[in-house]
Structures are given as structure tokens and as C-alpha cells.
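Mind looking over this structure? Questions follow.
Chain IDs A, B, C and D follow the sequence of writing; residue 1 opens each chain.
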Amino acid sequence: MIVIMDKRATKAQISNVVARVEQAGYQTHLSEGEERVVIGVIGNGRPLDRDQLERMSGVERTVPILRPFKLASREFHPHNTVISVNGCSVGGKQIVVIAGPCAIESRQQLLETAHAVKEAGAHILRGGAFKPRTSPYSFQGLGEQALRFLAEAHEETGLPIVTEVTEPQMVPLVTTYSNILQVGARNMQNYALLHAVGESQRPVLLKRGMMSTIEELLMAAEYILSHGNGQIMLCERGIRTFETYTRNTVDISAIPLLKQLTHLPVIVDPSHGTGKWELVDPVSRAAVAAGADGLIIEVHPHPEEALSDGAQSLKPTRFAQLIDGLRPVAEAVGRTL
Amino acid sequence: MIVIMDKRATKAQISNVVARVEQAGYQTHLSEGEERVVIGVIGNGRPLDRDQLERMSGVERTVPILRPFKLASREFHPHNTVISVNGCSVGGKQIVVIAGPCAIESRQQLLETAHAVKEAGAHILRGGAFKPRTSPYSFQGLGEQALRFLAEAHEETGLPIVTEVTEPQMVPLVTTYSNILQVGARNMQNYALLHAVGESQRPVLLKRGMMSTIEELLMAAEYILSHGNGQIMLCERGIRTFETYTRNTVDISAIPLLKQLTHLPVIVDPSHGTGKWELVDPVSRAAVAAGADGLIIEVHPHPEEALSDGAQSLKPTRFAQLIDGLRPVAEAVGRTL
Amino acid sequence: MIVIMDKRATKAQISNVVARVEQAGYQTHLSEGEERVVIGVIGNGRPLDRDQLERMSGVERTVPILRPFKLASREFHPHNTVISVNGCSVGGKQIVVIAGPCAIESRQQLLETAHAVKEAGAHILRGGAFKPRTSPYSFQGLGEQALRFLAEAHEETGLPIVTEVTEPQMVPLVTTYSNILQVGARNMQNYALLHAVGESQRPVLLKRGMMSTIEELLMAAEYILSHGNGQIMLCERGIRTFETYTRNTVDISAIPLLKQLTHLPVIVDPSHGTGKWELVDPVSRAAVAAGADGLIIEVHPHPEEALSDGAQSLKPTRFAQLIDGLRPVAEAVGRTL
Amino acid sequence: MIVIMDKRATKAQISNVVARVEQAGYQTHLSEGEERVVIGVIGNGRPLDRDQLERMSGVERTVPILRPFKLASREFHPHNTVISVNGCSVGGKQIVVIAGPCAIESRQQLLETAHAVKEAGAHILRGGAFKPRTSPYSFQGLGEQALRFLAEAHEETGLPIVTEVTEPQMVPLVTTYSNILQVGARNMQNYALLHAVGESQRPVLLKRGMMSTIEELLMAAEYILSHGNGQIMLCERGIRTFETYTRNTVDISAIPLLKQLTHLPVIVDPSHGTGKWELVDPVSRAAVAAGADGLIIEVHPHPEEALSDGAQSLKPTRFAQLIDGLRPVAEAVGRTL
């Protein structure tokens, strides 16, 4: 860390900061520039709070040198993390496709979709049992009953399961039925939930918050990693911007940037990311071309009857076409599908 | 709602949409414009899902006519809601000031601050027992111990208490010690938590998410109201934008806009909103001048030692000055302080 | 257009709005819903100003039915526009690569880069003569001298030229030396400049403003088209968001969305879009996979000596590798390179 | 400036950076931290390009120490700049109110409004002759004819004039008629125009771009100041965010922040900032309470007939009420009106 003193900082103020820093176990180095004194904080000590330092008299601001995430960083763990899910590997050479309905509406709807996506080439089945809805008047999900449908779909198709867990105390129940625990975008900083999925030691699909920076996403992963659970796949699902023609703005550069910063696999959700089914195909191709390890796509047999997010769901036939169109793109960038 | 058909929609497609809408109990009216057919949805029927309609063949888009919030809207409840908290009224003529440390670090720190803010003119004491922190390596809060300190501060000063509750199952414990339950910005769409605070029938301080629209804030309030709990004070605490000189951007127009749309009281958090202690005073005055019903301000006896958010906390003397400077502004807009 | 009246609008207010609309040559249709009266505006008349209507007593808001752009829309011109530039076609099956330095710093630097990019497979040469810089203390460009270097580079390599024109009165001079006129992101709504490039009847490379919506981009194109100049290639170059790890956020879904809405070719600038040279390659592949008609990439022989944007420029060898890696991706999506 | 080297930077790479920096006239200081080498750049030398340094092998990133604006900074010029405009002072104790129609539509409309705002208490008259419109099909302004109407209004009322100049070559003409030259939000980085208004030595009203940071606003002022023209009033007019209920988001904290960073006066445009006439009054009060030196407000005698921005214009009677309500707020914060 670097502490930049005000232009008119006094010797006493500078000494105070030096003392505080040294008291925490660091060494300091002073640079007396033309206009500012800059204090370099060197070595190892107890964690320093930037806010505390910035509050000291005479301090203009502080600048962190190191990134705040450690366990998630590639510096700590140079080799790619590959997550094994029931025979399926996420983060290896094969692009992994997760598909299914946004919300599970009935046993029949789920089984129909499960078979359809399996046949089209999907590797993992998704489906929501507990749906967080912006409006209290919208369909909230079938709950535990839906979890049992997922288990049935797994038996019939062999597809591993991922489903969202929305509260810490639901984690034990959901782990009974699901191979992967999904933490939704709105819950990316629900630290109680992150602790719970961390402790579960299960694979986690961690969605980037619509308003979260890449650094915040990696710090959320850090929470989970700090429990010794490193089986985390990060999911870019679009961020909120001023553009209104799409539901969110898919941050394509997040993919190569994350692959640079972290060893964790990176997947993309082009369905929530765009909110428009006609954009799912091109954005999926873009994601794979940019280096994504996988995709999570909404598929619904009858989107015009979907109880949630119908506008972005693909019909099974279109989903099959998407997978077919994706294969050459995957090969063009040295992956398989 | 209005359904706008594609330029090339066929008669069959139009009939389908009309049939769907009428099946849900509505009447329709067709406008055949030069370029588009527009279907007006009239009357009362079962809730229509915009996504479903937009997925039907031939539909270009839908436009909602009514706002999605009802119980929160001023149309439903024309008179201002005034929340009574232990003798203190939020939403009446008096501007209410809530003050205290961001995180409770020790019994001594809390009691010292409680007395200081009381003396300066604050009406309600705040203090965090459970701190959601971006980094797992930062101070997480003292937990239940801190709640007991809050109770002690209440006994000593008579100030009502507000503290943040971060998980649904903590609600019973927190209600034992706190008059008002605070839902943090990151939890504005934690629907499980909204249900829990709704059911508690306690006053709620609902913070706007840093990336939430005004409409989403009101829908979050709608969740709580749908439990019959209307004692909600909405809190503008800054939204995330591209500007980097401040931590967030306080949305000043949210105050008069919310007062127009809803009957619920509106308060402002200039501390988290700006992230800089020197901006808290002018932004507080601006909030009061714009019509806010109250403020929630961070005060810490020694911000340079604060374990969280020191850069935005006010020292007790500055807080006292802020209150003094606020009085003439409140009077200038017909309020009292 | 649809006019939504307030819940409590009076008959007189409704009549007024109907009269205003009919006076402009339209017919109206009234829908009397449960809670609101909605007035449909039908037919053809003089342009109606939404702001004017919204200001009339009793009006809650207006909702446009048609998109504001006409000449740019695919409805008006269903077939792809293909722009011919000195033997090179933009918008056809071939992906077009534009490359060169951000700013022309010397004759030698430009000629060296021109030969290098030509050899690597670029189709068009770029180079800035007039550089808009955020700081008045930064290099502002070599001006007309640089234009002559561009002409020389064209002679030596046969590559067509694109360069930015920053003011209306510079258009004649720049058209003497450049095949394509570039309108920079900051000038996307410089209407005087748009008129000037429109009147020039030259091919235009129109960059999306960093804070412009897709609709605003198409309206800027509409300005140019309204002069009878339809040779416009639209350029996505990243939008400004809250993310700080990248300079901008490349809006990948803009590519398929624009291809849907307009007949104009769409290219992508991954250099300014990301601001980091290591992200240029993956984002270029993503752009091609998403359906882009071309790319504009910064190449500099010695980026560490570049007088502008060095951090995002590619060295010639890396640029050559990028082109090689791009070919299979182009083929995978049915294009050539 | 500080240069942070990569974790694995070699001695040779470090030496290279040191050499480059010293070659530009600086001294360096090396801090060898646990994980990184940090190079402090000390003293005075030729301007260093951050991008260039970041492109050197082994460099992770650079961190600027000093702010990029000098002439605009309060450090350079500690006392408030007060701009004298035809007897009126902007930046002194008196709050200055600028009012008038957005676009001048007729001689009668302008004169009527001029008299009305004068009577209500405005100090300066505004009116647009050249209107930048998002759509080429909208009213573009009356041009030079409108400038003559402004001159007439000045004669009749004595009010100084401010009007927008949109192109560099229009500056001489506009200075003939107008006391203050307005640079619109979309032109904040139109450097050719900034040069032209700088050279004119006339007072300038510089609007913050809807997507510009505070730092970029001050750098735009720096352009003008670098011509020796320091008569610049900065105008906060709302920034673009994800919120859709208002046209822009007025950045209220920009006011105290700018007053801290710069000596230039700061005014606020609550009309464009909110886009809704009912929010103009409360946001105006907030601006004054936050420390603004003035306001620029749209007033139109018949907003429902306005050819631009009718929804945000105030009728003369409401404007008069706004001024009356503003006086006590101004006094409450030690200003006069």
C-alpha cells in the first residue's frame, strides 16, 4: 500500500502515519516528491484498513498495491482449476453446456426439457425450484417438490443437476438433490449464503452480481475459498448499464480478464445476459470464442407459456441448432464440444 | 398493458394474442395503425406475464400501463405514512436524524458515541452488529454481544435503536434488541429476508440497492407491505455510476420522486452515499432541502481507528455542527429539527 | 404513439389531448381501462412532440410505438448495405480488418506500421492526424503533415485509408487524403460534423459514443443518411460502466442487435473497448463470432514509446498472430478472412 | 507517479523502467516489497505517459500521484473565481439564477419569457438559437435570427445573455450577441470548440457531459484555462445512469466536491438534470443547500406547445414560486438571492 499525504501535511502528521503503519508490523519508506510526500508500506504486518489511514490528519488518499483476493488469484494457484461434477469436467478442454428451464413449473415440463437438452448435447441440467422474483405477485417457484423432479430428471437422463439455493438454511436440503449449488446474482454478496455454500464443500456456480465489479466477484469467490472449497465456477451474466434495448450488458472482456486473474473456470449466461432469445446464439458463440469454459442457457418447451423469463428462453429445436453452430467455433479456438 | 405487434404480423398471430389475453379475463381493443397493429388490454383479469406475451409469434413488445406497485403507491394510500418509533415519528413534520457508528467495535465506543449523538440532537441510534464486508478478511462485527451493547445504550440515553439484520433467522433475535430492523442495500432483493421483516410487523429501514431502480425499491417495499407491515422508511444511499471520485452517487431527485410516487417516508444516507466525511454536511443539507424526512449518518469518536468506513464517519463535534447547520435549512422548507 | 392519461384526468383534459392530436392530422382511439384512459394515436400526421404532449394537463406519459430511426432501419432497407472502399467491401462475406497506430507520430512510424499490417493481412490502414486528448498537455497530433504520410502509405501499400475528422471545416481537407471519414466516439452527437460528413458523400466510420444507447447511435446514422449518404459503418467501441478493470465495457450483444435493427455494417474496436492489449485478441474473436463485419485494431511498432494509448496497442507480431487465430473463427461462422 | 512492477519482473526490466523515467528528468526510488517492486517517480521532468510506461515489459500498472488538472485546481488558485457578467457576479455571495426557454421559437415567445423571468427575479437570460437534437427530424433552432431576438430581449430587460455555441466558427457571431458562451454537455470534449471559446476570452458556461467524470470536466476547463481564459462556470446537469424514471441523475455531491477541488463557480441545471418539471423546484433547493453558486432553469410560457423539452420547462408562475421558495434556503446556508 502507498499512502499519499496532502500537499500541506506537517512533519507531525507524517510521523503519525509512519508510526501507525510501523505499529502494525510494517516498514515504511518516504518519498519526498516535489509536491507530495508519499509513504510506501513495505513488508508484512497485520491487515491495514485503508479507510482508517485515509481518516488520519494529513492523508490525501491510499493506493493498494496488491489485489485483495489471494486464494482466488492465479498467482496463488497458477494452474487452472477443473471441477469434476458427476463425470463431467468444468474448466478443462471441453466446453460445458448447462441447460434447462429458468423455473420448474411442472414435472412434465422439466422431464420434457431434460430429455430435449440431453439429446441436443447439454452436459448439465438446470432448473429453478426457488425463484427470486422482483414482484411479490409473480410465481415464486415450486420449492421442494421441484427438487424431487430434478432428482427424477437426473435418474432418467444421467445429467448432473444445478439449482439455485437462496438461503443458508436451505443448503442441506438442496445438496441432497443437486450436484452444484447456484448462488444467484442478487445473492453474490449474501455473505451468510457464501459461508454456507463454502462449508458444504459442494461445487458452486457463483453468478456475478449485475452491479458487481470483477474484483467484487473474485472477493465473493474468496469467501467460499476461505472455507477450503475451491470448486467454484464463476458466471458472467451481464451487468446493468444505461442501455435499454437489452436487459443487461454481457461483459465479454470479463472472460479473458478473469482467465488472466484467476484459476477458476468461467462460464457465461447469455439468456439473462441479453433477455432476448434471438441474441442467445450469437452471444454464446462470442463467449466460446473469447475463451469461456461453458455456458448456461435457458430452454423451455413452450416459452410463450413460461411462468418466468419466457422472452429469453430457447425452444428445444433452437437450442439444438445453437449447439451445432457452437461446435465449429469451439474447435476454432482449440476447445471441444 | 399494450401489445405491439410486428410490422408483418399475420391475422392468425393477432388472433392468438387476442385469444390469450381474453382467456385471462380481459377485453381487447385493436388499433390498426399505419405500420403496426396495437392491442390494448382492458379491464381486470388474471395477472399477465409480459415475457410470455412477448414470446408469442408476431409480438414485437409489450408496454405496461400501470405501475407494478400498488400497496406502496400514493394512489392506493394518499396520505403520508408516519412511523412511530418509541415516541419518535418518522414521516411527520420533524426531520429525524439517525446517527451512530457503522460497526459496533466495543461497549465503550458505542456508549461514548451514543451519548455524543444524543447530545448533538440525534433522535435514533444506529450501530451495526453484523457487518457484511466485501472482503472475508475484514472485521465482521461483534454479533449478539453488540446487540446487548445497543440495549444498554438505549437504557442510558433513551434513544430508539436501529440495526441491520442480515439473515431471516436472525430476525427474532434482533427484534429483541432493536426498535427498527434495517435491510441493507445488498439485501434489498433478498426476498427471504423481506418476508421475514414483513412478518415481524416491526418498523423497517429499507435501503435502496446500489444498482436498484426506484421502481425496484418500491417493489421491495411491496413485498414487505404484502405482509400487512406498512412501517417502512425508504433510504436513498447512493447508486453506483461511472464516477470514481465518490463511492456512490447520491440520487437527490429520488427524494421528491419517491414522495410523489409513494406514501412511505424517505430518508437519506449521505455517509455511504458519498464515502467522504467532508461531503456529508452539504449532502445532508441538500437532502433536507429536497424534502427528505430524515437522515442516517455515521458518527465515530475516532474515525482513524474505525474498523470500517472510517473515511466517511464524522467525529462527534462535526456531527454537532452538522445538526446546527441543518436547522435553518429545515425551517427554510417548512420542517422542524 | 400512445398517450396514457392520469388516473384522475377529466373529460375536458382528455378532449384537449384528442383535439391536439387530431389537429396534427391523426385519428385517435380511446381505451377506457379500469384505472386509466389510454389514447391511441393512429394514422399519419405532422410529427408529434412527446414532450409537448406530456406537458398537457392530465397526461401521465406517452409511449412511442415506432422506432425513431427510418432510413437506418432494416424495415426500410431489408438488404445489407455493402460499402465499397477502393476495392474492399465492408458488410459482405469477408471480414474486414482495419489496423494501424492510434496517432501518427512520424512518417517512419506510420510507414513501418503500414507495411507490417498489410503483410499480416489487414485490408484498410488507420492512423490519427488530429487526436482529441482529454488533457491539453498531451500530444495533439501532427495535423496535415500526418495526412500526407497517410497518402504516402497508401501509395506504398495500396491499403485504403481511414482517419478521424474532428471538425466540420476539416472535412474537405481530410477527404483529399482519406477514403473513409471517421467520426470519433466523443463526436457521435456533433450534429454539425454529422451534417458535414453526410454531405461529403464519402464512406463514414461512425463510432458509438461511450455513453450512447444503440438507439442514439442509429439516430446519429440517420442524420448522415438524411443527406443521402448511406455508406456508414457503425462501430461498437465499448461503453462506460462502473467496472474499473477495463477502460470500457465492450457491448457484444450490440453486434447481433444492430444486425437485426439496421442494414448498415457493424464493426468493433477491441483496442479502445478494452484498453488492454492482452484482451484485444479474445475480444476480436468474440466480435467475429457474434457476427461483426469487421474490426479496427491499434497496432504500433513500439507501444512502449507510443504517444497515445500505448497500453492497448498491439505489436506487429502479435497483430499477425491475431489475424491467424481469427481465420478459423471467421470460417466457423460462415465468413471469410 | 508510482510504477508497480509485476510479481515476476526481472532486474533487467526494472532497470529499463528506471532508465526511461530518469531519461525524462526524474529521480526514482525503489521499494522492494514482499511481493512487488514499486518504483516511485520523484521530482520534475518531461510529462510521462502512463500508457507508455504500462506497456513496458514487467510493468503491472502505474498510479498517478498528482491530479492532472493544474490551472483549474484550488491548489493553484486558492481563492474563489468570481465572474463578472454585465454587472452580475457569478461565484460570489449572491446565488445567480439563469432562466429562459430551452429553444427560442419566436420573438414573441422569447420577449414574453424574458420579461416574466426578470420579474420573478432571474439575473441572466438563456435561450437556444442552435439546438442539437437527437433526431434530425426535430426542430433545430432559428439560428441567427434568434440571436437578434436575444439582443432585443437584453435591451428591453437589461438581463445579460447566455446562449449555446455549437461549432468553433460560430464563436465570433455568437459573441456579438451573447455575454456568456455556453458549451453544451455533448460538446464538453469538443476540443476544437473549447479552444475557440478559450481564445474568445469571454465568460463560458461549461456543461458537464452526461457521461463525463468530475476529473474530465475539470480537464475540459483546463483546456479553456490554458488559453488564459479563467471565466468559466461549471454546470452540473445530471449524469446518465441505469435509472429510467428520470432523464438523468443529478450528481448532488459534485457541487461540494467541485468547490473543494476547484476555484471555479459551480451552477446546476435541474431542468435537463431531471427532465420533469415537478422535480425542478426540490432539486433547485437541494443544489443551493449543497453550495451551488447558481442555477440554470428552463422557463416557457406554454410548455405544452414547446418545440423542445416541454416536459421539463416551468411556467412563469411556477418559476416565480421557485425563486420565492429558494430565498430562505439560500439564507439558511449563508447566501443571498
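Everything that follows uses one rule, which is that contacts are C-beta pairs under 8 Å (C-beta built on N, C-alpha and C of every residue); 3 or more make two chains touch, one makes a residue touch a chain.
Given the structure is predicted, the values throughout are model-derived calculations rather than measurements.
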Exercise. Hey, which one of B-C, B-D or C-D is the same interface as A-B, over half the contact pairs lining up?
Worked result: C-D
Problem set entry | Of all other chains, the one whose Cα centre sits farthest from chain B | C
Exercise. So, what's the distance in Å between the C-alpha centres of chain D and chain A?
Worked result: 38
For this session: Give, as an integer number of Å, the spacing between the C-alpha centres of chain D and chain C.
Result: 26
Problem set entry | Distance between chain centroids, defined by C-alpha means - chain A, chain C (Å) | 31
Seminar exercise, completed: Within chain A, the set of residues that touch 2 or more other chains is 211, 240-242, 244
Seminar exercise, completed: The answer for chain C against chain B in the complex is residues 2, 4, 7, 29, 31-36, 38, 40, 42-44, 63, 65-66, 75, 240-242, 244
Exercise. Which of the residues in chain D come into contact with chain C in the complex?
Worked result: 47, 49-57, 68, 132-138, 166-169, 186-187, 189-192, 209-211, 216, 219, 222-223, 226, 240, 277, 303-313
Exercise. Given the complex with chain A, which residues does chain C contribute to the contact?
Worked result: 211, 213-215, 239, 241-246, 249-253, 255-257, 260, 273-274, 276, 278-279, 281-283, 285-291, 325, 328-329, 331-333
